[in-house]
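Should a chain be cited, it is by its letter among A, B, C and D, assigned in written order, with residues numbered from 1 in that chain.
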Amino acid sequence: MLTTHPFDDDHLHEECGIFGASGSEGAAALVALGLHALQHRGQEAAGITSFDGRDFHTHRAMGHVAGNFDRDDVIRALAGDIACGHVRYSTTGETALRNVQPLYAELQSGGFAIAHNGNISNAMRLRRELVRRGSIFQSTSDTETIIHLVATSQYRTLLDKFIDALKQVEGAYALIVMTPDGMIACRDPLGIRPLVMGKLGDTYIFASETVALDVVGATFERSVEPGELVIVQNGELRSIRPFDQVAARPCIFEWVYFSRPDSIVDDHSIYSVRKNIGAQLAIEAPVEADLVIPVPDSGVPAAIGYAQESGIPFELGIIRSHYVGRTFIQPGDKVRHLGVKLKHNANRALIQGKKIVLIDDSIVRGTTSLKIVQMMREAGAAEVHMRIASPPTRHSCFYGVDTPERAKLLAAKLDLGGMTDFIHADSLAFVSIDGLYKALGEAQRAEGRPKYCDACFTGDYPTTLTDHDESSAIDQLAMLDERVN
Amino acid sequence: MLTTHPFDDDHLHEECGIFGASGSEGAAALVALGLHALQHRGQEAAGITSFDGRDFHTHRAMGHVAGNFDRDDVIRALAGDIACGHVRYSTTGETALRNVQPLYAELQSGGFAIAHNGNISNAMRLRRELVRRGSIFQSTSDTETIIHLVATSQYRTLLDKFIDALKQVEGAYALIVMTPDGMIACRDPLGIRPLVMGKLGDTYIFASETVALDVVGATFERSVEPGELVIVQNGELRSIRPFDQVAARPCIFEWVYFSRPDSIVDDHSIYSVRKNIGAQLAIEAPVEADLVIPVPDSGVPAAIGYAQESGIPFELGIIRSHYVGRTFIQPGDKVRHLGVKLKHNANRALIQGKKIVLIDDSIVRGTTSLKIVQMMREAGAAEVHMRIASPPTRHSCFYGVDTPERAKLLAAKLDLGGMTDFIHADSLAFVSIDGLYKALGEAQRAEGRPKYCDACFTGDYPTTLTDHDESSAIDQLAMLDERVN
Amino acid sequence: MLTTHPFDDDHLHEECGIFGASGSEGAAALVALGLHALQHRGQEAAGITSFDGRDFHTHRAMGHVAGNFDRDDVIRALAGDIACGHVRYSTTGETALRNVQPLYAELQSGGFAIAHNGNISNAMRLRRELVRRGSIFQSTSDTETIIHLVATSQYRTLLDKFIDALKQVEGAYALIVMTPDGMIACRDPLGIRPLVMGKLGDTYIFASETVALDVVGATFERSVEPGELVIVQNGELRSIRPFDQVAARPCIFEWVYFSRPDSIVDDHSIYSVRKNIGAQLAIEAPVEADLVIPVPDSGVPAAIGYAQESGIPFELGIIRSHYVGRTFIQPGDKVRHLGVKLKHNANRALIQGKKIVLIDDSIVRGTTSLKIVQMMREAGAAEVHMRIASPPTRHSCFYGVDTPERAKLLAAKLDLGGMTDFIHADSLAFVSIDGLYKALGEAQRAEGRPKYCDACFTGDYPTTLTDHDESSAIDQLAMLDERVN
Amino acid sequence: MLTTHPFDDDHLHEECGIFGASGSEGAAALVALGLHALQHRGQEAAGITSFDGRDFHTHRAMGHVAGNFDRDDVIRALAGDIACGHVRYSTTGETALRNVQPLYAELQSGGFAIAHNGNISNAMRLRRELVRRGSIFQSTSDTETIIHLVATSQYRTLLDKFIDALKQVEGAYALIVMTPDGMIACRDPLGIRPLVMGKLGDTYIFASETVALDVVGATFERSVEPGELVIVQNGELRSIRPFDQVAARPCIFEWVYFSRPDSIVDDHSIYSVRKNIGAQLAIEAPVEADLVIPVPDSGVPAAIGYAQESGIPFELGIIRSHYVGRTFIQPGDKVRHLGVKLKHNANRALIQGKKIVLIDDSIVRGTTSLKIVQMMREAGAAEVHMRIASPPTRHSCFYGVDTPERAKLLAAKLDLGGMTDFIHADSLAFVSIDGLYKALGEAQRAEGRPKYCDACFTGDYPTTLTDHDESSAIDQLAMLDERVN
């Protein structure tokens, strides 16, 4: 068996979405709706934890929010005025139910639930030390490290223990934590992963994206700021900033691909930034053609921008099936080689004999682009010009984004000419890194103090990478070993 | 519990898609792929029957093709070189597994499997007579009537029995039949429902739409013609036409909404016809506005046509979630009134302060249009003009399309002004019936001998409606009864 | 995988138990209890059909009554004052859900449900004729033949059609039928399979055995008589006898093994008949020994009878696990040869050095007896004498009992000496056929007009065997064929 | 819904059975068979952990061994030459999958799996202290305390850490532990719970009872001694005794009820001890009667002993259904009061008019005895004399046996006359405590230094009961509180 959606895998994947609601009867129902709106951030598993003033309740499930968290009995069992939830795409930690968040533990101070978007880049080193001292881990998730740091902290109050723990971890984290005393939402000092807050009546809401506020009918208040802990207790909200202040570096890929087009991140509409990138592409890499065709659906806004800037008509040259989820498995051996087009199909009547500009958001391994170009040619396209609405992806992410190892990134292996050949396009162009910053309203990327984390394009990582550095040696040995055998 | 996708239900629904493959080892795998490409024609259930030269094998399941027919064990159990399948959206017959097609029976001549797209409009009368004579029905499906007519026919050969049966039924049918002798594909004399044939090597393929040929890599040969029986036996294909010839009347709604945009039906590309309708709308019902916004996804081609003809920019003002299938249930009571936007969300940053033209394919009850207009206003639209890419839907369909009773059709109850008020739009216009025929390349609708079945718009039914006429009296009594109580 | 209960398969198996209740709110709950008490008569599948005055409701499930029919939602869905049910061990007809009874059909007269214990011995011939005339069968069950005979009968009333059908069938049947007019319980003219009636308040109950009356708290009224139809309509009971009267021949094996020891069949307590057989065995085949040991649990009553008659102490020398149902599968290949004793284990401390008499109810293939004797020897028994509480089983049953083909019956292949050698016993004896009749209070078997059907011992079948006779030729050819290849 | 087996609940329940195999390819298959033979010691859940030299594999399931651990895929996934398993009836710890044993943790030294029969009577106090120091518990099981004690021990080797942990715990434990270095089996210093060892070829086997050795074909070697640790490493076996030696006190209830009759515990055959108790009862409490009737199945051996000693015939007056497992749920409200007899049914034909002696193994709450006596009277018994094959159960067990709180023990509330009245018997007698010791070959109970733990009869607990003593005050407050409200 093989998965048949040939184009699904060539994206970086945001790993998680988180959502919390405090101060609303039946909070879990709000969380379910919010997680549903964040489903694009993680489709493998979901979980919700609620607190009813006495007990914590948790339900976790593999699969989508719909079908698991839309059942009355499930939601009713998640009693209480305060709840938080999580959708995940596996990052570190094999995907087993025990790794599905929110994670929960009973500490001396009572229950402790945590939902985490991001990745702790020194989790392995911390874990080894904790195990040495007698801590027993339940999961393989990096997030559990935070809980054990809290459990074994010598500080007295839960809040001090929590801050003590955060000061030991390195990497990216947007967190929603629930204790018997209330809810804490926080972002790492660099604000790598997003987190916003809103209100719905007296209810405080925290979410990875504004679209989740829209869906539950809440108003957007503001982003949780990098390095900020927002604490909701007894209906009151207060904010503390326990870290040394540093310049923020939010992940620029949220605008390129991760966030939904109807979300607004840090005052920038995702949809209009993507259109801007498309327009910028049309300026930087114009081409004479008959049609501008998006690779659906993520390429659509940039394609509209490109079409409007260039004056070439925007057309649906590739039709996307609504019925290809993550789960379709190709039946049988024989059909495997038929070039099945379950997910995308060429709109042959439109394309035949035309010069086309294809717009996609990014290229990771290049396998999708190759197949799309081929599909266009088989449908009779006269010329196929590929334009990519982000710079070449050359580096892995260690902050909660699923990236293949560097050796599999097309742009890490080949130059522009090599890539053009690889995908069999008549021409290929990426937006420049400065063009990307322009689409976000900057004059250009400020070398040395860039406003965003753009490490996947530039290799300029804003934190140390303890586990990665320690494992490199081991990995190299392991690879050597494999070669020898 | 209530379903939360507020816009899903305001469409006419094609009831079924069918697919057959004859002459290919592992035919069932091809059928699974083909059905997957036809999933938009019916999402409630699917089934495949194969014949291995000795035994027939059937697997039926509620739900989608993916998840049910993409498992190796299922496909392997469906052994044989010949197979056919069916996806359904319940028409007549409650949706239980025993109604899921292909239906199968052991007749004196051996196994007999049948997959049917359409509706037999005198099925109830025929059934009553068959039961009176001792036939025992297994399902509530109108299709089973055909099988019993074959079983009890006095003719000698299976083919003669089958033709005898078809001559007694009235209504719409595209059929794929399998017997130990081979496969028969046929369309009713008016050709109301579509059926095409293709080839993949030596394998003959039959399918409701060409997109299913594309997906399996087959070449499109031609349509099965109205009133034609195509018989594949021992790798040979022959065609017979046992009915009196009449002028064809294929369903015009296939171009409006049912078929996929990348399909070609009777030489007309669905996508370009839809764009034509949009352009025609821009000519018939122009408006001064800032943006043309499609109701996703079915309104997109007409919106592109409208935008290109009018010069008003095409923009994504409504974002559709990829994760709202048919199954999401709204959790909890309280959130029910929050105006949840699980399926569609306004792209607020784009719409605010703008005059917009909304393009949708059709209006059935009007409930969706009302909510969409309201959503646009809440997002700050200055004016909302609704344009519909089909004429007003005023009549029920009795040929295999799920339509509400007439009393629920908005256009059957209200005139244009009333409809405009109902949906709270600043203006509303439908394409004219002649405009629709123009989009299909005709000068206009030929009164008295129109080229298509357009009964849902005009009330001009191309066949008698025996069951409907007989039940009207009963229904009227029943309705009277309800009013009295 | 192999089943591990080595001793389970060496019994004839009663095929079915049936139970009906008419005139009690929530009748299905009574039926569930009744079927549970009849579970020993069939463990593969169960079903209940109820009628609520308007609709029939059916639930069928593979597996036991417990776990399937003890759920509130299942029972609540089986609404109505009248219900009947069935437990089955597959007879004719592969065991698929569609063969699980009660079978149901919608006839011109309305719904028709039927539960059947027995076997129609001319079902195949009748089926062929019905199919030739256009009837379509849903199952492979012989019982469905009766329904089609009713559906196609030329008589006017349902009752006349039903009697018309019964007059065409040959073989054994105890039936409970439900129609919108009420319940009909009947037995074939020879009364081969048992059926009793009882009352619980105003509720009429029909059941295969009295133990099912006990369990629901009903009083035993009388047996339904051979050839009698008992009709319950509007709370009234009436009886008709449409067949020519013949001498009854109830199945004698009900006393030997099928019925529960606490049931009373035709005025004879099963327990005391079995003790009588044991005592008779002690008289006919005495032996000098230290202990009388039953093969649990079916050998216990006869062992008590043997012990009391002989004065040799009764002891539990074989312990039966409570946790070996029909489903335990031996894990792994390697342990297959360890001589596992999952179901029975020797009470080694008791047996060592002793001369023992083993009592079992019957020998079919002899495989169990062989293993039991071996187990006793391995546990240190000095001598092992086997005594069997029925005559040698030499002939197949065609009346609803699962028997291996004759060639596999030990007693059909070997004489007493051969059998003794085969099971490695020091001695072996069966009760005589006259001894068996004595245990039932007769002086002896009345040659020519015996009071019971004892065909499995004597080969004296009380009916013609149409299907068997017709298929013999074919089978013989098939067997010949196998031998040649 | 209510459970319908009215007689199931009036027993003390052994909580667990454990089984380990070291040194056999496919060890898990042996463990599955062994656990199946120990199923009577715990039916709620089962688990197996194996070690393949590199990885530990665990499968846990609610329900029986059969149906969960007899599947090839399950057993194959439990790879390795060493495996241990556990069946449980919930003791401390709610029954959730995370409480099902073997428990597993990754310690600094590597994997650590543990299966435990018994109960740690100071687990709560130890847990509070461990949590205070930062340990996070995964389960509510008392067994997990041992793991955390090992994880946080300051000793250097795993064995020293394990002994350090055991020295801190109080109560009853038979343990099988697996580490990457091998298997450890041990019993608490008093040997309260049983544990035996056997050999099958080169494979070492540990099991709660000898019947599990029989079933896998292993020979019985000897009991693991109280306070002994048996270590199997690299195919070698060694034994250490790290505790101060004290006189053993094995649980006497193993002979009364827990162990299977075909097991031998500490050189005493369970079956013959039970017969001895029955004979002793006949001496201590004779009665003039017609029949001796066991309450099946646990009362059978004592009834045989009573019958042989008294000369009154042994008869099956109560028939037990084979098909009442733990799961049958009474369907519907109405039948609840019918006095259903799903599990046991009177053999009415035998009992009518007779004076009977009923033999049961013990009385806990008395509810079962009441119903059995009533059932005998309804079946027409002239006199009903109850004889119990153990002394009155007056005290709770804190060593891994499920006992109701003292206030619910019939013998803790009433004297003999009161109990006789409560169960409506004509007479009632229990075997004396000295009589029980006599059945085990002692002259009498040695006051001050009894050979067995008989605390449930005498209140003479062989250990301190830390948690119980600490919670008593709290419980008393809670009870007071309840009474006030």
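Just so it is clear, a contact is a pair of C-beta atoms (placed from the backbone, for glycine too) under 8 Å apart; a residue touches a chain by one contact, two chains touch by 3 or more.
Just so it is clear, the model here is predicted, and its values are computed rather than measured.
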**Prompt:** By CA centroid distance, what chain is farthest from chain D?
**Reply:** B
**Message:** I'd like the Å distance between the centres of chain B and chain C, where a centre is the mean of that chain's Cα atoms.
**Reply:** 52
**Message:** Please tell me the distance, in whole Å, between the geometric centres of chain A and chain C computed from their C-alpha atoms.
**Reply:** 63
**Approximate Å spacing (C-alpha centroids) for the pair chain A, chain B** = 37
**Asked** For chain A, which residues are shared contacts with two or more other chains?
**Response** none
**Prompt:** What kind of graph do the touching chains make: line, ring, star, complete, other?
**Reply:** ring
**Interchain contacts, given as pairs of chains that touch** = A-B, A-D, B-C, C-D
**Message:** Under the stated contact criterion, what part of chain B meets chain C in this complex?
**Reply:** 105-108, 131-138, 147-148, 151-153
**Residues of chain D touching chain C in the complex** = 1, 4, 25-26, 28-30, 32-33, 36-37, 39-40, 43, 64-67, 69-72, 74-76, 200, 211, 214-217, 260-262, 264, 269, 271-272, 297, 300-301, 304, 308, 313-316, 319, 321-325, 327-335, 338-342, 345-350
